[in-house]
Every structure is written in C-alpha cells, then in structure tokens.
Amino acid sequence: MLNSVLFLAILFLSLLVFFIPGKFKYHFTLVLLLCGVVLTSVWSGMLLAGDDQVLEIPLFAPSAGSTFILTIDRLAAFFIIVVNITVLVGFLYARGYLAPYLKSKNALRFSIHYFSYLWLWLSMLMVVMIRDGLSFLIVWEIMALSSFFLVIFDAEERSILKTGISYLIQMHAGMFFILIAFLIVEKTTGRMSFDALGEYFTGNRNLPLFLLFFTGFAIKAGFIPLHTWLPEAHPAAPSHVSGVMSGVMIKMGIYGILRVIVSMQSDLLVTGIIILVISLISGVLGVMMAIMQKDLKRLLAYSTIENVGIIGAGIGLGVTGMALDSPALALLGFSGSLLHVLNHSLFKSLLFFNAGSVYQATHTRNLEQMGGLMKNMPSTALLFLAGSLAICGLPPFNGFISEYLIYMGMFQSLSGATLYHSIVVLGSVVGLSLIGGLAIFCFTRAFGVAFLGAPRSDKALHAREVSAGMTIPQYITVALILLIGLASPLVVKPVFEIVTRTFAIDDPVMVSGAFTANLAQISIMGGVFVVVLAGLLVYRRHHLSRRQVDTGPTWGCGYTAGTARQQYTATSFAYNYNHIAKPVLQTAKEMDEIKEEEIFPRRRSFISHSDDIIKKALIDRPLDWLAGILKRIAVMQTGQIQHYILYAFIFMLLVLLLSILKII
Amino acid sequence: MAGFILIVIAAFFVPGMILRTKSIASGRKGPGLFQPVKDIIVLLKKGSVFSTTTGLIFQIAPAVTLATVICAMLLLPFAEQKALLPFEGDFVLFAYLLALGKFFTIIAALDTGSSFEGMGASREALFSMLVEPAFFILLATFAMFTGYTSFSVIFNHFFVTGNDYVMIYSIIGVYLFIQIAMVETSRLPVDDPKTHLELTMIHEVMILDYSGFDKALIHIGTYLKFALYGSLIYNLIVPAGWNIFLQAGLFFAVQGFFAVVIGLTESFRARNKMNKNPKFILTLSAIAWIAFTVILILTDKLA
Amino acid sequence: MVNYLIVLFAITLMYFSSADRLITYVKLIAMQGLLLCGIAIFELKEVNTANLLFIVAETLIFKTILLPYLLNRIIRRSGVTKVHRLAMPGFYLLIFSIFGLLISVILANILVNPFINTIYLAIALFTLVTGLLLIVTHKLIISHLIGFLIIENAVFMFSLAAGNEMPMLINVGILLDIFVGVLILGFFGLRLKPHTNELAMLKD
C-alpha cells in the first residue's frame, strides 16, 4: 500500500517541474529522481535478496479493462537496477553539460526537457514492471514520446528536428509489430498480457509469434537490419540523453525479447539459431561500419549496435542451450548476455558522456578536427581510455567478464555437440573473436586520433578541461566498471541466481559454483596484473631519476619542419581496412582522377562517402521510389479551387455509378 | 612454477639463436648467442629522450605490454604440473591479455604524432585483428577434441589415442602456432625486423621513438613472447606424461628448433607485399578450418 | 598414411585461393597429381594389377609430369606471370573457399551412405567447389583450364569415394585428362595467347 502511494506520488510530483522557478528546476528534478531511484532499488534489492518469486504493487485497477499493476520478478529487478544507475549518473552529468544552454534556451524548454527525462526514466521502469498488454503498450508509447522530446532539445537546427521525427516514425513501426503480436495473443487466449503467453505457447506454434515480437523489440534494440534510427538519433540528441538512450533504452528491447523467451515452450532450437545468426551479423556489420565513421557520436552509435549483437549472441546461445537440454550452455549464455547488458550500460554511457565533454570543449564532433586533447583535458582522456578498454573486452575491465562467459558457453558445448551444432558454435566463436579484433581497431582509432598526437585544428588547440561536475559522474562509472572487472564473483553470482530462477534451469549449482571459482581466478589475475604494472612503473621512475632524461621533437627522418598535418588522420588509419571492407560497406569516393597529360594539375576536391548500406537499401530507395510516384500524382494539386470542386463532383458521380451497379 | 622459470631461461637464448641462424645462413659468423641480452643491459644503462608531442600513454605503454606478457606466462603449464593460475577458459584470458598489450602499443605509436608511426599502428591494428580468428579456431578445436577448456588440462589429455589423425592435427597445430608466433612477434614474411625503411616497417616503426629503459622493456617483452609461443609449441609436440628431466631437456630442444625455424624462414623468404599481408594472414584461418575438419573426423562427428 | 595425403590435398586446394602467380598454380597441380597417385596406390590394392598399373602410370605421367610441363611452356612463352581476377580482392576468394569447405562438409554429412567413404566425398566436393570458384572468378583462359583440371581431380576423388570397385567407367573418366591435354595442345597449335579474354566476352 505504502509502495503504491509513494510511486504514484513521484508520478504526480513530476508535473510540478513546470511550476518551479528556473534556478531550482534542476535540484527539484534531482531530488525527485533520487527518491524514485531509492524506492525502486529498495524493492529490487528486497526481491533479489529474499526468496519470493514476485513483488506486486497495484497502482490503478479499474474493474474492467487494462490494469496498472507493477509486478517485479527477478529479471525485472535486474533491469530496474541497470536503469537506475545510468539514469542517475546521466542526470548528475547533465548539470554540467546543460550549463552553456541556460542562456540560450528559456525556462519552458528546460521544464519540458526535465519533465521528459523524468518520464523517460519512469516509463522505462514501468516497462519492465508491467505485465498487462495494453498498459505495456501505453508506457512503451510514453517512452518513445519522452525520448523524442529529449532528442529534439536542440531543435533550432532543422536537421535535428527531422531526425527526431524520423526516429518517432520508426519507433511507431516497432510498436505496430508488438501491438499485432499482443492482439494475436488476445484473440487466442482472451487476455492481452505477458502472462497469457505461456498459455498461448503451449497450444500454438511458437515461432511466428516470437518472430513478430522479435521484430518489434529488435527495432528498439537496434539489431541489423532494423537499426536505421540509431546512427541518426544518437548523435542528434544531447550527450546525456544519448548516453541514457544507448545505455538503457535500447535494453528495453532486449528485456522484451527475454520476457517472450521465458514463456516459450517449443521451437527453441530454430529460435536460438535465428537469434544467434542475426546477432553475429549485427555485431560484425555494426563494428565494420563504426570504423568508417568520422563523427565521434555516430561511431559510438554503431558500436552500440555491435554490443547489442554480442548481447543477442548470448541470448541465442542460452536459448540453444535450453533447446539442447544443456544447463551449462543455457546458464552461461543468458548470464553473459545479462551481464553485458549491465556492462554496456556502464561503459557506453561513459563514452557518450565523454563525447559530450569533448563536444563542449571543442564544439565539434568531427574526429578529423581533434587531436592532442590529452594535454589539455587529461581527466576526460583517461576516462575515454577506460571506456575504450572496457568496450573492447580487455582485462581487467568488465567487458572481458561478460565476453568470457559467452565464450565459455560456446566452448563448453563443443565437445558433446553433433556436426551441425559444432559448426554453428565454431562459427559464433569466429564471429565473436572477429568482433573483438575489429572493436580494438575501432577504438584505437577513436582514442588515438581524438586525444593523442598534435592538435589538428584550432578548435582542438583551444580546448580546455570541462568542469568537475561533468567528470565526477564519469569517475563514478569507472569505479563501477573496475569493481565488476576486478571483483566479478560479487556481481556474477547474483546474475547466475537470477538466470537460474527466471529460466528454470536445473542443476545449476555445479556449473555456477565452478564458474564462480573461475571468475575468482580471473580477479586474482587482475590483481596480479595491477601489482606487476605498478611495480614496473615504480621501478621505472626510480631508474629514470638516476639517468639523464631529455626532450626533443618526434623523429622526423631528417625532416625538421614537422606539422600536425603530417599525422595520420582517422580516414588514413582506416585506409587499409577500407581496402578490404569496400565490397561489403560500399564506401565510395568522388574525385577527378589526374590524367597523365595534365602536367600542372588544377585544384581538386575529394569526397569520401561511407553511408549505411542498409539504410540506403531499406529506407532511402523505397522512399525515393514512393516520392517519385507521389510527384506524379501531385500534378492533381493545381491550387485552383475550380479543379477541387471538379474533383468533388467526379467523386459524387463515381459513388452514384458504383451504387447503381450495386458494387458498394 | 617450473614452466614459468623455464620460459624465462629460454627467453635468454632464443633471440640469440635466431640471429645466429640468420648469420650462418648468410655465410657470416654472426654475433654471440647472448648478444640480445647484452644489448638490453646496454639500454638499461642509458638515459632517455622523450618527444614533446607525447604524453602519459607513451610513458606507460611499454610497462603495460611487459606486464601483460608476464601475466600471460602465468597461464601456461609444463609437463604434468599445472600453470600458476589455471582456470577454465584461461586461453581466452591469454588471447585478450596479449590484445591489451597490442592496444597500448598502437595508441602509444599514435601518441607521437608522426606519420611513420601512424602507418605502423594502422597496419598492426589490421593484422592483429585478422590473426585473432585463427587463434580462436585452434583453441576451439582443442576444446572440442579434449573436452576441456583450460591449458593445463588440455595438454594433459592431448595424446591419449595414437590415431593417425591426432598426429596430423598436431602437425597442423604446430605449423599454425609457428606462423601465429611469427605474425605476433613481427617477423618475416609479415614484417621485417631488419628493414630500415620506415615505409616498410610495422612493429619497428611503432617503437621508433623509444629509448633507454622503455626500449629495454619492449625488447624483454618480445623475447619473452618468443619463449611463450615456443612453450605452447612444445606442449603440442611432447606428451605430458614423460619423465620430467627428459621433458626439461626436450623443452630447450624444442625452443632451439623453433628459433632455428624462424631464422631459416627469415633468411630464405622475402617479405610479403604489404597489401598481400591480409590475405596471407587469412590463409592461417583457412588452415585452422582444415584443422577443425580433421577434428570433426577425429571425434567421429563426420562419418 | 592415406590420411596424411588427403589432408595435404585439402591444404593444396586452400593454397589455390591465395596464390598469386601462375607458376604456383602449375606447381600445385603437379603436387596434386603426385598426391592422387599416392592415394590411388594405397586405396586401390584390391583391383587387378593391370588396372592399378594403368591408373598409377596415368596419374604419374599425365597429371604430375606432362600437363604441368605443357602449362609451364605456355606461361613462359606468353610472359603472363600474375593471376588476373575479376573485380574482387583476393581476400574474398579465400573467404569463399572457406565457405566451400564448410558446405562440402555439411553436404557430405547429409549424403551419408554405407557404400560411400564420407571423408573422400567431403574432399571431392571441396575440390569441385574450388575448381568452380576458380573458373567463375578468374579472367584468363589459362586459369579456366587449371580450374577444369581441378574438377577432374574431383572426379577422381569421387570415384575413390565409391570404394574399391573401380570398373572401366573410372578409367574412362581419368582419360578426361587427355581431353584437357588436347585443349592445351590447341594453345600450341593455334598460337592462342592465354591472356586474351576475347573468348570470354560473348557480347559485342
């Protein structure tokens, strides 16, 4: 009872944001956010620590129609904690990020922004807590709308408004699929709810309904080929919003897929392999496209697609494990993907906040204009380095732990498998290792070109470190990342617990116990690494203090007029990669070739394109074709009122004719 | 513990043996067997010059690379003794630790703001990305064949049956490891350590700006990596159950054989054209797929 | 012992996709001829001696010595040393080759049959796929010829897969090599240049 009252209070108090005076808006929102975070985290913590199955909190239940009852089970509790962490850290970061906009935007814009932020967070919480179908769709819609308002914060630029509207349309396309799926469930079972799925799946074919749900949720999650909104919306949004969207809003799609899988009874093997194949393609293509980007935030958006591929690979393996009755594979696959959900929310939000700091300092997102930022912005650079190391899955950070769990799921299932399963698992091993290697390429490029070397433009030269209010939340995230990386059994044991309870995997004790021991060894290895590194660095300082140390310019091979333009740019770093990846990515260049007869070449321009091939094929071409047809029909729109009256008259004649012929 | 110490001892003479083999194959007498060790001692006595363009990353990268190699050494077993820190799936940690070292080497090269080092960094990033799948396919075939996922346990159970196909698999595995070792320690035919043309270097150009203590650390890391891969090759050839003193002797014999093979390959093979290198490295993955097919036959999954 | 030869055969097929010079192709064809001879000796011990002698002599003389020598003469005479491919980095040819191995393993598993030796079937299918890939992706006629030779090696492997019964059918199949020999002699006779792709363009 108390729980419902408190939650409803938070929901209604959010409206007060509009009435609080400008100076206190931020603080009021922060206080409200903190209260809500504490409340929901306490609920989750109580559920996870105890032994109950669910925690029910009725909000609003009329006698007929949809009900708003919050049902928290272990899976929901996990997602609640993931959402709370990133949203809170994001809002702490937002104070510093939004500070320059206080002068240019009026109080109403800020109210809308804070209100939308609160409602994005609340709707995400409610998405994981609501089971009833219609209420679920309502909060899903609220989530899409609130994120739309957040994305168009900077809507003075027309392109951002266009991007926001395109984003909204694509979100509705996704909702369309989920709605149809729910309607099918209602027609068969009479109830429109996730709980009715179990009943539906026992009686009917599982695969078609799963594919409908999967398509709808995959648009939200960002699997290829349904990812086309991601690389446009994330760069357009302000950075704290990008971090929250990429970190947790995407995971709502993953949550939906998991919720459907929990109820599935048959067709599991086909489902698992479909998810695995789509995820591996998403992972590889996502990072392949990320390497070719010049815009830092677009690069991070494509990298999100890659990580969603890794999460999906874990889910696919888990489902395959359930199908083949292999508890080790199921446990490791699902745990790896859930842990990667948490890990990705941490390091991707860190990277996006960091990109926001860089944007605020240099006013550009173009990698080719940055460089040498580490000298003026050391904190930001170190934080970006930590985020890059984590996202490449390198020890001793957290990305390694989740990728390790997924690898172990693959390796464990190899020895007993039949021929086809061996081939599928080996294919996924190759895919995952390729994704890891490409991610290292991508992030050495991003970090190296942006922060190291010499400044490539005036903007980078005049960059200054951002305020502490923006770096401290990032430090908090890094602390969490290191905690999970160095002390992983602490976090993974509860995740194992969640997975075994949710997916009803039996005989988990042997496997989860063995793997907690393995993770403890990894933690010890992490500790050993840190100690060895510290020892080497301390000895180095002592050694260098007793020797002569000079400085000088970089070796220029005898050329003494070195400039910053001599460095490798982001495009040149990816040049040899582009040579290999061109048939897949269709990067194009526009340049007038220099002919042999042209002894004194004229000025020329060089443009290289790396557009999203899937967006071109799925969205741009059909839209152009549609626009072509509409242009021809638009001839009818002459602007003269006589013609429109004529159209109405012809329509009446048509109706008369058809009713005489008894067609209508 | 014994394995760790043996690797360190082998690292003292393997680089010297490679140099000596190359010299003798060219008709010269060549430097002494411990010349690389003496070079490191000379480097340790010198001071350092740092570029004004570089920052923190340049300073800590050699130490990070050496720390990763040392930690990777903790994962390898010897004879029937387990490694110092064994656990299931430690080969994944092995591969990713070495990748961490490469990450730092690449960004340290970009830190100097020089076009040569950027070129080397770009090439190194691409080639190390391409060699990862070959390594992982090989490891997956290990796991599929023996049913275990830890280095220490795999090599104990490797030579159980005397089947024809096990010998083929062992030979392919040794060949692949030698090639992967040569790609990762930047030897011919992917990268020539003796070229002095910056446009043709990969690894050498990334460490162009290092001097004194840092350069010594890098060299120590490279020599330890040689011995590391030699130890892996040794484990693939010699069954784990033999007498331990015989095994210690065989260990040094295999490391010597590995050094001589590298030396001879470097003497008689030209460096690949730079844009043929991706294809060369992908060939390693192709051969690993053949090894996988051999294992499919071995484990009776295929017919 | 046979197993070593079979795996070595598969490795030579992989090297076809990564080789750069035509001379390497010729050397690989010669090596394949030698390997096939060895496999034939080990596998076909129960066939009557006259047949076995014929097969061994044919593989040794034709595939290992005569055809490579003729191909070598043509390549030297025309001065074409590098392989010219269609608009694709050689990288992707290797990836297709890997997929080819995968598909042949899967197919061999589907077509499992007590009368057929599955391993030979898998390798034979892989040989067929490699030969087809070579013909489809290369420009020069000489590469097409070599692809055709590889397909014939596939025919030989298929016959080995069918077990020890080796009726006259297989002998006739082997004589397909003589057919290719005629094609090559045509190069000499008509003084065709191997780097014309006029014969490959069917449209004006």
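As written, the chains take the letters A, B and C, and residue 1 is the first residue of each chain.
The rule we apply is simple: a contact is a pair of C-beta atoms (placed from the backbone, for glycine too) under 8 Å apart; a residue touches a chain by one contact, two chains touch by 3 or more.
In this text the structure is predicted, and so the values were computed from the model without any measurement.
Undergrad: Based on which chains touch which, is the overall arrangement a line, ring, star, complete graph, or other?
TA: Shape = complete; every chain linked to every other.
Undergrad: Would you indicate which pair of chains has the most C-beta pairs in contact?
TA: A-B
Undergrad: Between subunit A and subunit C, tell me the centre distance in angstrom, where each centre is the average of that chain's C-alpha atoms.
TA: 50
Undergrad: Express in whole angstrom the distance between the two chain centres, defined as the mean CA positions of subunit B and subunit C.
TA: One centre to the other, that is 36 Å.
Undergrad: For subunit A, what residues touch not just one other chain but two or more?
TA: Subunit A, residues with two or more chain partners: 419, 579-580.
Undergrad: Note the residues in subunit B that touch 2 or more other chains, in rising order.
TA: Expected reply: 278, 285, 296, 302.
Undergrad: Quick check on subunit C: which residues sit in contact with 2+ other chains?
TA: In subunit C, residues 89, 91, 102, 105, 109 touch at least two other chains, as defined above.
Undergrad: Given the complex with subunit A, which residues does subunit B contribute to the contact?
TA: 44, 46-57, 60, 63-64, 66-68, 70-71, 74, 85-90, 92-93, 95-97, 99-100, 102-103, 106-107, 110-116, 118-119, 121-123, 125-126, 128-130, 132-133, 135-137, 139-140, 143-147, 149, 198, 208-209, 212-214, 217, 275, 278, 285, 292, 296, 299, 301-302
Undergrad: Using the touch definition from the top, list the residues of subunit B that touch subunit C in their complex.
TA: Against subunit C, the touching part of subunit B is residues 164-165, 168, 172, 276, 278-280, 282-283, 285-287, 289-290, 293-294, 296-297, 302-303.
Undergrad: So in the complex, the part of subunit A that touches subunit C is made up of which residues?
TA: 419-420, 423, 579-580, 583
Undergrad: For the complex, give me every residue of subunit C touching subunit A.
TA: Of all residues in subunit C, those touching subunit A are 88-89, 91-92, 102, 105-106, 109.
Undergrad: In the complex, go through subunit A and note every residue touching subunit B.
TA: Residues in contact with subunit B: 371-372, 374-375, 378, 382, 385, 389, 392-395, 400, 403-404, 407-408, 410-412, 414-419, 422, 425-426, 429-430, 432-434, 436-438, 440-441, 443-445, 447-449, 452-454, 514-515, 517-518, 521-522, 524-525, 528-529, 532-533, 536-537, 540, 543-544, 547-557, 562, 564, 566-568, 572-577, 579-580.
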